[in-house]
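Each of the next two complexes has subunit A plus one other chain: subunit B in the first, subunit C in the second.
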Partner chain A sequence: MSLVVLGLPLLGCLVLALWPRGADLSPRIFGTVIAAATLLAALVMLPGLRGDDGGADTGRALNPRHEVDLPWLSVIDVRLHLGVDGISLPLILLTALLTLLGMVHNWVERPDRPALFCSLVLLLEVGALGTFMALDLVLFFAAFEVVLIPMYFLISRWGGPGAAAAALKFAVYTLAGSAALLIGLVFIYASTGSFDLVELSERGGAGISTAVQLAAFGALFVGFAVKSPLWPLHTWLPPAHTEAPTVGSVLLAGVQLKMGTYGLVRIALPVLPEGARALAPILAVLAVTGIVVAALACYTQNELKRLIAYSSVGHMGFVLLGVSTLTTVGINAALLANVAHGLITGLLFFLVGAVKSRFHTGELDELGSGLWARLPRLGFVLVFACVASLGLPGLAGFWGEAMAVYAALHPAVGLPGPLFGVLAVVAAAGAVLTAVYFLRLLRRLVVGPVVVGAGHRVQGAGSRTADIWVTERVVHVPLLLLTLALGLYPAVVLGLTEGPVAGLVEAVLAPSR
Partner chain B sequence: MTVQSITWAPLAPVLVLVAGLVFVLLADLMLPLGVRRMVLPAVSAVTCAGAAGCAAWLAGDPGLPGTFCSAPGPGNASRCAYVLGETAGFLTVVLCLAAAAVLVLALAQLQADVEGVTPAGEYCLVLLAATIGAVIVAGSRDLITLLVGLETLTVPMYAAVAFRRGSSAGAEAALTLLLVSVTSTALMLLGIGFLYGLTGTMHLDALAEVLTAGGGVGDLALADVAVVLLLAGLAFKVGAVPFHVWAPSTYQGAPIPVAAYLSSASKAGGIAGLIVVLPAVSSGSPAAATWMALLAVVSMTVGNLVAMRQRHLVRLLAWSGIAQTGYLLVGLAVLSGRSDQALSGAGATLAYLAVYLLMTVGAFACVAAIDGTTGTVGTTGTTDAAVRDGPSVESVRGLAADHPRIAAAFALFLIGLAGLPPVLLGLFGKVVVVRAAFTGDAGWLGILVALNTVLAFVYYLRVAAALFARTGVAVGSAGQLASTPVEVAPGRAVSSSTGMLVAALALVALVAGFWPDLIIGAAPLLSPFGE
Partner chain C sequence: MTTLATGAAVGVVVIPALAAGLGVAPAIRQRVGGARAVAVVGAVLTMLAAVAVFGTADNVAQETRLLLAPFGDIDITTGVLIDGLAGVLVLVVAVVGLCVQLFSVGYLHSDQRYPTYAAQVSLFTAAMMLVVVSGDLLALLVGWEVMGLCSYLLIGHYRDLPEAPGAAVKAFLVTRVGDIGFLLGVLLLGGAAGSFRISDVVAAVGSIDSGTLTLATLLLLLGVAGKSAQFPLHTWLPDAMAGPTPISALIHAATMVAAGVFLVMRLYPVFVAAPTTLTVLAVSAAITMLLGALCALAQDDLKRVLAWSTISQLGYMTGALAAGGYVQGGFHLVTHAAFKALLFLAAGVVLHQVGTVLMSQLGGLRRSMPLTFAVTAIGLLAMVGVLPLSGGFSKDAAVASVWAAVRGESSVLPSAPVATVLLISMLATVLLTAAYATRLLLRTFFGEPPPGGFHGNRQEIADPEPLMRWPLVVLTVPTVALGATIGWFPSYLGGALPPAESVVGFGPGPLPGSLGPHLSEALLASALIVVGAGATYLVWRAQPDRDPARILGRAATALRRGLYLDEVQDALVVRPTRRLATVVSAVDEIGVDGLVDGAADATAAASRGLSQAHPRLPNLAVTSLIVTTTALVTILVVLS
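Moving on, here comes the complex of A and B:
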């Protein structure tokens, strides 16, 4: 089944790459069908994992299901080893869902060269799914890097005016991080002789000296930090998001950013626990600095997409804070916040794309205000998304942030308690700052008296037809519902992640080892 | 005087090539011009492919004896001058396949050359002769055979480079190559002379024995000097920094198929020489590993940094080739020390060589296709430098609109050279090299390779992105003013043979990415753990 989930989008990508040039409707239909099929295949994997206790009783650190283990590049011990467990499945489902919604969005905003566009999106999906399912270090690395080229072309060819420079910055920055990642992975191999993640997780760092663990964790840390992004390695994100087309931004925020934090939880923590314990405080400090700095930067932003990009940096700060606590609560918080961020920020980018396509600008100065009065449905969804993003209880964003702060107050034994306590307070203050800038945005753009800005309206459209179309509703509603569902009943995700995370912490991160 | 015994079986690849060469010589005299232009390169390409097939078939046989063997003396084993072992067989296969691909490019060039400016027979002759030299180098087991092979590889290239008639660039390139090669051969001869003087033998196995004998001649400073001179001579051949100065102008002055040959088979011949020589000499001189490491690092870095400034595609590929030589040398830099790790270093170089040859021949094939006139001087009579020197990054801007498949293939080969997915083959090549560095206790080399990959990505991506750039407003609007500079040979379609070659190479690159054991797994000596 893992092979099906990975193979479908790959097949779709190759077929679409050979599609005849002039076709407009057929590639979009084909792309949507493939994306839908991939989502279905991923959903099929769900029942097998429900109620999975992740091997907490068996004491194994990693207990994958739907395993595929084939020889691949046998001369250097690289195997095609795929598997799914409770930590990766929510992200796999999120990826498949966002890709499907992105394909549907092609009917809202038709890209030129649709076959090439859909082919690149599917290739992106292959990379993301491969990363989440990989159980071999080189396979993980290959999938991790696959997303670079399609995203580069998506931004540079279909993006805004400054797209070329933004795309290049994104590509080179991410590649530099990947170079560090490769070094760390090969370093692990050189010390242990194995690329296999299940085996390495079992070992839990046994047989790797502390110095090597520190160095390897440092290298992996840099690689994942660029991708997450962790302050101060985040500067590639705002330009990339601003210039990317809507679908590109959604996939960048909703899928690619998850890969960095997933890598930390899946690889860096289990394989190098001593390194993790040593560097966790640094991770926590950088994460919380990111939360605060991003919130302050957001407050001054006047361009919609840039604002949401910085808010992503802030949210990922909470995720990384959760990871740095090295406790079950913390890592669960991180995974939950990951999924929530994917849903909410994905929705936000779809909405901002809707605003931009109507007014041809993202600048707050040119958009005027009183959007709720002019475009009531769009205004409502925008309010919902912003409020969810700032962490209102009852919606998805709340749980991740709250649990991360709670976990920071009770970090793992061996981590400096007072430091984490201070960081928890600062993070909570950061959450308040998040609310400040989102409310500022809402006050400025959505509520209040109607002021028509300089940005010109869609030609010949009255206020009714410029409001949300049916197709856009198809894209927004699933994300809306899932955000609400996750907020009211986080066990949807936590039920999946709890078991494997408990197994991970117990088997590997417990300080008795 | 002892007469060496000759076993013909291991020489089969060489004999096939020689047969082809003789046929080309004779057919050139007898066939009319039109037929000559097509038959001769086609036959040469088939010959090279046949030689590759022979080598693949023979090299798997461990019982295959060597050839040109001296009679066994008292207490010595029989020393053979040419042995088609596993390594030599692999090198012969990849060399001959690269040469065959280049000859297909030559076919396209000759067919486009309607006035018969470039002599078809001589063109194929020199390329075949050079290939014979490379094959001899791959299997050589003594220094004289190595030298003869290297000279056979180099001398015909003087003529090949000069085939760009009617332009001074070709003659200048040939002269540069001649002078530099002669110097490097002189250095190498000096080194060989010193080694012979020290050890009294030319054969590499005997050489290794004498050099490692404790307290013997291996400890003399002269041995180190000799090794350095020998390596310097070989480093000229592969274009390592600082012995690289001939490469960019020679590549640019030569016809594109010849530049492709220099970048692929000729470089592979140099690497073959290094793989043959290094295990023997580095056992006595650990400095050899240090020198290799130094060459590797400097080549990578300088090659990538200067390539970033290049605008002309052939020159850019020349400098990128210098950087790729650096990656190839990394595996050879970990050769001294534990023998199990040593083998994996050479194996990593062999694996990366196979990947590199595929990607570089593909890239040059795409440049040849884009150039339209496949290598001869562009629009005749023009003095415009951009046209005369061939395609540049600006001139290929937006190529994907007119030639989507060539653009996609070119982007594929460039990304493969950069070592990134989705061209997984290139990535695996890089992983193999980095792994060899780490397991050979030279982790810092691996780190440098990774960093250089980032540097190189900048210029590879620049070209790949230019291919797919939007040139103006909507596709197909009439009266569109293209703002591109003067195109070479507008309206000329891509030659069918070049197109087919590009397609075949791209397909192999993609398929081998998903099934890397096909190419990388075939390289011998790869795993250090007892395989």
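Moving on, here comes the complex of A and C:
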């Protein structure tokens, strides 16, 4: 089944790459069908994981299902090893869902060269799914890198006026991080002779000297930090988001950003536990700095997409804080916050795309205000998304962030408690600052009386400054409902992650090792 | 727990939530009649469920639980916890909610956005009910914050009112600051107790070290201060009057602001085990009630008088609780909900009929609006604390509890100096309350209107239509008659949740929970009321068309501006944060990003330099590639 989930979008990508140039409707239909099929295939994997206790009974640190283990590049000890467990499946489902919604969005805003566009989106999906399913380090790295190429083209070819520079910065910066990542992976191989993740997780760092663990974890840390992004390695994100087309931004925020934190939890923590314990405080400090800096920076932003890009840095700060505590609560919270961020920020970028396509600008100074009065339905969903993003309890964003703070108040034994306590308080204060900038956004753009913006050009009779129509509804509603559902009943995701995380923490991060 | 009790408790949360969801459905939202029906029917059904909860609750806590979020080392469950406290409050919220929904139908008759408004009010009701019946602290927090959201949305309801958006943001942010303290306190308590369930936390009180307990309760107190508008987080409440007046009756008088007081009562054993926190609460209460009463004395806006008055009255409740008067504080919570909601709805009537609530532009309304005058007078008498109205009993009970603490009878507030300060503050507040209440009554309903007249023609000003009249009448009943329940109330309310046996000497409450008036307190209070009211009346009568507060001289301006505490908050918190944001943003964009761009520029420059040194190398790109690759490979080889 893993091969099906990976193979479908790959097949679709190749087919679409060969699609005749002039076609418009057919590639979009085909793309949507493939994305829907992939999502269905991913959902089929779900029942097999129910009741997964993550191998806590079997004593295995990593207990994948739907495993595929084929010889591939035997010369360098690389196998085609795929598998799914409770940690990766929520992200796989999120990826498949956002890709499908992105494909549907092609009916809202028709891209030119749709066949090429859809092909690139599917390639991105392949890379993301491959990252989440890979159980071999080289395979992981390859999939990790594959995502770069379609994103670069999506931004530079279909993006805004400053797209070329933004895409280049994004590509080179992430590539530099990946170079560090590769160094780390090579260190691991050099010490253990294996690229297999199941085996390496089982070892839990045995056989790797502390010095090498530190160095390798540091290298992996840099690579994943760029991708997450972790402050201060985040400055590629705002320009990339600002210039990317709507679907590009959604997938960047909802899919690509997840890969960094996933890599930390999947690879860096279990394989290099001593390195993790040593560097966790630094991770925590940088994460919380990111939360505060991002919130303050958001307050001064006047461009919509840039503001949401910075808010992503803040959210990922909470995720990374949760990871840095090295406890079951923290990692569960991080994974939950990860999924919530994907849903909420994905929704936000779709909405901002809707605003930009109507008013042809993302600048707050030019947009005017009173959007809720002008376009009630769009305004309502915007308010919902902003409120969800600022972490209102009852919606998805709250649980992960609150429990990340809880985990920071009770970090793993061996980590500096007072430092983490201070960081917890600062992170909680960051939540107030998050409310500050989102309310500022709402006040400037959405609530209040109608003020027509300076940059708003009067549209002709076929004006698209109409309220949300059906196709946009189809894109927004699933995200809206999932945000609410996850907020009211987080066990939906936590039921999946709890088992594997317990196995991870118990088998690998126990201080007695 | 019986199925009926559980079902009713769940219903009391779910029914208004459904009404809210239904109210925003496109089919309903477009038809005002449909929206009204949904809102009112929802409120009626909620009322029925509330009565069921009230009827099935007894003073033994009952509970059910459902796993919501397994996080590994700690689980989050949700469930309902019904005891006397929950039973009483559920009924209060349902009654006030129903009155407000009915009143709003008339008040917002011509408002286009009524459907959204009604849905938000329903959602708010659901959230408050969740706070009241929740058996789990984090689920309580969900309701707590959703109330804050609804408050924000509703205060900003009048889109074209310039002060509305700012007031809404201020309300949300000030309470959010408090809520962060609340969250941290909950997380600390939950972590120490191993569970977020209220009953588990209370049971674990004996085993948590006092340092953690004190810190956690102080943090919780931040949340209480924010939601219940206690000093220093009170600044949002007067500005919140920019919202529609029925909202002020529901949210800012009877329910949301009561949530903080409810929390102290719900977790009372935890607070009792942290005497430092209760001392802090006592001091804060003393400051708050005096501040509120003084500022109420100088306001021109009728609604603002009531807002400051609410701040002051909440101080009574927290003061009584700090002294150990669990039952007394609870009783004042209930009576205040009745008379304050009544007063706010009456203010709404004045605004609706006359077009202004500025007392300098009102006068003589008792002739044209006799019913409104009557209910306002009754409400004010209750607020001032005249026996035998309900407010009289509750105020006397609060004063008595503090007096008992002064006499050293309270194990909870052993410090006589603090208790004395609290008592003096309370007695002064009684006097001031009488003063500003009299001023309000005289300036609005007596005397003559100003020469310019009202906005409308005097003939049009009359008592309101039935839909707005009946809620007033209904609320008058408990305002007058709740005093009859003083025998039954303490036994229904029961004691606070009992902690583990290891906590010694904890009976129904640190003080005996009797509400009967004490003669000495009643006499003293009556004397103070007479002095306060009489002085105001005499000053007014000398010059009926001028503000009695003028005798305060320049202090009046300071009081009207809330002792400039808004400006202090702005200078200490708001402006520094804005400046910090600008600095941090610049550092991030120019500094951090500059490093990145600088690295890129440096690489390019180095490559250019190298390619000039080797003229045969074709171009910049190739040279950069070779240099970087060589460097990487070298590192790999050396280190592996």
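One rule holds in what follows: the second predicted complex is superposed on the first by the 505 of 513 C-alpha atoms of A that agree within 3 Å, B and C clash if a C-alpha of one lies under 4 Å from a C-alpha of the other, contacts with A are read in each partner's own complex, and residues count from 1 in each chain.
As a convention for this text, a contact is a pair of C-beta atoms (placed from the backbone, for glycine too) under 8 Å apart; a residue touches a chain by one contact, two chains touch by 3 or more.
This structure is a prediction, so every number in the text was calculated from the model and none was measured.
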Subunit A residues touched - subunit C or subunit B, whichever exceeds: C
Touching partner for A:P232 - first (subunit B), second (subunit C), both, neither: second
Which of subunit B and subunit C A:V146 touches, first, second, both or neither: first
First, second, both or neither for A:I183, with subunit B first and subunit C second: both
First (subunit B), second (subunit C), both or neither touched by A:V75: first
Contacts of A:L25 with subunit B and subunit C, given as first, second, both or neither: neither
First (subunit B), second (subunit C), both or neither touched by A:H410: second
First, second, both or neither for A:I282, with subunit B first and subunit C second: neither
First (subunit B), second (subunit C), both or neither touched by A:L175: first
Doubly contacted subunit A residues - partners subunit C and subunit B: 172, 179, 183, 186-187, 190
Contacting residues of subunit B [partner subunit A, same complex]: 347, 351, 404, 408, 415, 420-422, 424, 427-428, 430-432, 434-435, 438-439, 443, 446-447, 450-451, 453-454, 457-458, 461, 465, 468-470, 474-475, 516-517, 520-521, 523, 526-527, 529, 531
Contact set on subunit C toward subunit A in their complex: 24, 67-74, 76, 138, 141-142, 144-146, 149, 152-153, 156, 159-160, 164-165, 168-169, 172-173, 176-177, 180, 183-184, 187-188, 190-191, 577-578, 580-582, 584-585, 588-589, 592-593, 595-596, 600, 632, 635-636, 639-640
Contact set on subunit A toward subunit B in their complex: 17, 21, 71-76, 78, 112, 123, 127, 138, 141-143, 145-146, 148-150, 152-153, 156-157, 164, 167-168, 171-172, 175-176, 179-180, 182-183, 186-187, 189-190, 193
Contacting residues of subunit A [partner subunit C, same complex]: 169, 172-173, 179, 183, 186-187, 190, 215, 231-232, 235-236, 292-293, 296-297, 299-301, 327-329, 331-333, 370, 373, 380, 383, 387, 392-394, 398-399, 402-403, 405-406, 409-410, 424-425, 428-429, 431-433, 435-436, 439-440, 443, 447-449, 489-491, 494-495, 498, 501-502, 505
